[in-house]
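This report refers to the structure that appears directly beneath it.
Naming follows writing order (A, B, C and D), and every chain is counted from residue 1.
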């Protein structure tokens, strides 16, 4: 035991001696959010590898330390406190909003910038100057889907959502936006994670007779829902978000996915060469298809890198200040994959896509350009 | 239209219920014959599907041969070794240490699966390609029909084995009264081993049927285990038949509750409530009701004890 | 503490043994050293260490409650985490939505957990044999989770409630980590004293008598059902207190923090620590809270090793790690005396 | 008249003997270790010290199956049938040690001859039988093996007086056919009345042994029936 302790201390001092910069990565490695958290952490690790291969940040090699939050808010608070005691340059994670809400306070107290994968609206509305998103969040992306549905002539809708943090956030945003657009929400159907059979939801959707279905459930459940819809001969259109339109769902649902349409914020299937390169590198290293969380983790690292380089040092306060109202283009830093604009709250925006599934393939039917009215473009 | 929907819900509920029944029967068997409350049951099912996938990839074989191979592996690990290494030494201390140990085992299986196969869900081949058949207004997928058929064949074979063979009846006897079975010279230990092997077989079969629908995912064991547990309690855990019916009941009730709770008209008012988020509560309420009013389970028989 | 005389029958021979005084000195010395260590801990622990110790404290409180139910009354409750949820949500909602004083909210949370404990325990404990309480609490734990998740107007659903205040006493805020740590420590001490008191009282002796020899105690006029019910309700009330402590520490609660699985984890803590023993809960909570820390060097295998450890403890110390103590006592601190 | 059956077991250094082709009754207060004695003899409990001999052969650590093969059978206290199996299938388990299903069937017919009511109910679930019929089934099942020694624990419990008499008559008939019977009975007076020999157990120790008549007439024995302690 003693020997072990010594070697760890040695290792640590060694890495200190070399020029290195520490990123702590609280993520849902185990527990209910493990799929999401592992994608995130793998994306971060891949980014660190790419950055180090290209000479690091300001000449310093990137060191990442993944901390398992066990998808448990108390644990997430504890592990980030532990990580922060090592005085890292940045916190990259976590993804679950509950875990983020709990531990963003700690990062704020330590005046350390934190990039999170969480989508809950409240996170960036508390005046925390150290919290930054990596995707636009439900409040940014759902209005685009609902708008698209309105344009398609939809006047009434059934919402099928998964009753967890992710689904509830999406449902709330959708209901609000449907209301604003005058689309009648006929019924909201709650489903469970791991739900095996979607026949009841499908039959209810047939009964109420809406123009369309808005589906906001996880990948596997999306596929099951689409298959159940096809089985019951439902022909009304199904709309959704990145999850519903992902490659995984396509693979699982087969031809039941044809005709599904919606808006995609950030996806490994985006028709952007940089995204495709990322995806290939990720698949080669980890042997599975990255989801949008992996991309978010990857991008977060490059945003941090770019900001350190802009500031010219690892001054955390300066980085956090500088990042608000910043625009990072792929010319500045190719690793961000697509141009990103941060606003004064730490929310972001980037180009997004309208996608529909045709003949088992994703077809981009439109690009929604990044909104230019954020402070970044002034 | 209403009746047609009801039948539709029933049919698809039976398809999932059949799988739940497979999960629950093995669970109840272990409980009956050896007093093992196996909290790793769900993980056994989950990892069996990964074993099938792994064998298919490793040996380049089809689903069915991989299933049979996996069945033997599963019988050895989750039947024989599980009993010898974990259950036998712990059973003498009462059921709580064993319950805790199976929770620990479940944890090990879950984490090892995540480490070896990742946290993402993997697709799993189906026994048949799904085709939609239409009978009148009823729309049924061939995959569901095959699931029901396979589950029923397995369950019927098990029942025949238990009732019509001497070994099967000896197992039943062991389950009903272990002491008397021992007094009569029944090799109780071997009968218990057989139930562990049968459970392993049922677990692998459940994996074969459930995974095409729910995918292979390291975390799905938790749900499976809970369903098996609940089905066994609802049906009466002192009977194989009880667990069987419990499994079907949960599958059917789930479907009916989700459908009929989505729009509940309050009588004499115009108010319609959407109680669909509470659909999960119905089996739970049934469970609590069963325990309070018929603790031996809906189809269980009261254990009569003489003084 | 005087040394005790134990007699054991080995065949026909009567051997008298005596516990050495040094054992008493050693255990008391260790206990006092531990208490002093806990009091002085903030001297060398930073934020993280304090959070871990606070986590250990609230878990110990919950497990002590479970110990009354399981260790002394012999019934399994799978809803201990759900009762923590009841306590956490009750106090938080009272404080944030009704503006109730923190301490009053704490007491109401305790009482509500107690009341629900009675309501659930009463019907479930009519049947003495079998695990009926376990099954009912299994159902209850899931139902509580459904309510916390679905009644969004009240609980904010799966998104949880944030910015939960920490208490202050006579205008002295306990917000700072060190102060909150001492608050947790005092709560833990209070609960421990209550348990100690319960077990020493006529009540507690009845508990133990019922556990050790139900038939005989029943014939002495003790009602097993009543005592079991009391143990379960009080044990559940402790969980309520633990929930309030957790809410204050984390400053955030959500339904997933109180799911069935967390209840199972508490049962595991108790059994691994040693159920029916006063120190079992302390050990069990410490193991589950600190072990992931000590196993950090094993990387992603730490939960595997943890599970393996649980199995090994159950295999070799089915009475939990606290069962080691009598073993050590017998092995090293006992001598035979002439009778 | 000491026959070849010697049985020795240790509860607390207790030595008892069972006589051949005789009915021996064990009596004693609650907790005296009567049922424990039977379980120990029948290999259901580990024996720490001492020996059990059957016709001079050491059978101390044998398992139930081996004991059955040696001609010993045991009918424990309470309900010992498998309620959810049919009468026929319950009876069938009596012949496990024969390891021959044909032979078992033949012998089952013999049992049916003795207990026609069982034959009539053969296909019914055993749980549906009345208490007396269940006891009959248990005894019939034990007799299937034609044992030399039958251990029977409180056969009269829960039975009506008429059924108790029937059961006792049955046991006497068995004894007359040469079966040695060791019986535990709570109803000591009645049991000793029909027995040949008696054994009194007290706190796990042998308090008294002798002919049934001798024990019945012993001056101290009255205390026992009143729940007292026997001084010997």
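Quick note on the criterion: a contact is a pair of C-beta atoms (placed from the backbone, for glycine too) under 8 Å apart; a residue touches a chain by one contact, two chains touch by 3 or more.
This is a predicted model, so every value here is computed, not measured.
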item	value
Result of counting contacting C-beta pairs for B-D and B-C, higher pair	B-C
Chain nearest the overall C-alpha centroid of the shown protein atoms	B
For subunit A paired with subunit D, centre-to-centre distance based on mean C-alpha positions, whole Å	75
Separation of subunit B from subunit C, taking each centre as the mean of its C-alpha atoms, in whole Å	32
Geometric centre distance via CA averages, subunit D-subunit B, whole Å	42
Whole-Å gap between the CA centroids of subunit A and subunit C	38
Multi-partner residues of subunit D (each touching 2 or more other chains)	none
Two or more partner chains touched - positions in subunit A	30, 32, 163, 190
Contacts with 2+ other chains: residues of subunit C	149-150, 300, 303
Parts of subunit B lying in touch with subunit D, wherever the complex brings them together	166, 169-170, 172-173, 176-177, 179-187, 239, 301, 304-307
Residue ranges of subunit B in contact with subunit C within the complex	37, 39, 86, 89-90, 93-101, 103-108, 111-112, 114-115, 222, 226, 229-230, 233, 277-278, 280-281, 284-285, 287-288, 291-292, 295
In the complex with subunit C, residue positions of subunit A that touch it	4, 8, 29-30, 32, 68, 71-74, 77-78, 81-82, 84-85, 97-98, 101-102, 105-106, 120, 122, 163-165, 167-169, 190
Residues of subunit D defined as touching subunit B within the complex	42, 44, 64-65, 68, 74, 76, 78-85, 89, 92-94, 96-97, 101, 127, 141, 157-158
Subunit C residues within the subunit A interface of the complex	46-48, 51-52, 55, 149-150, 152, 157-160, 162, 246, 249-254, 256-257, 292, 297, 300, 302-303
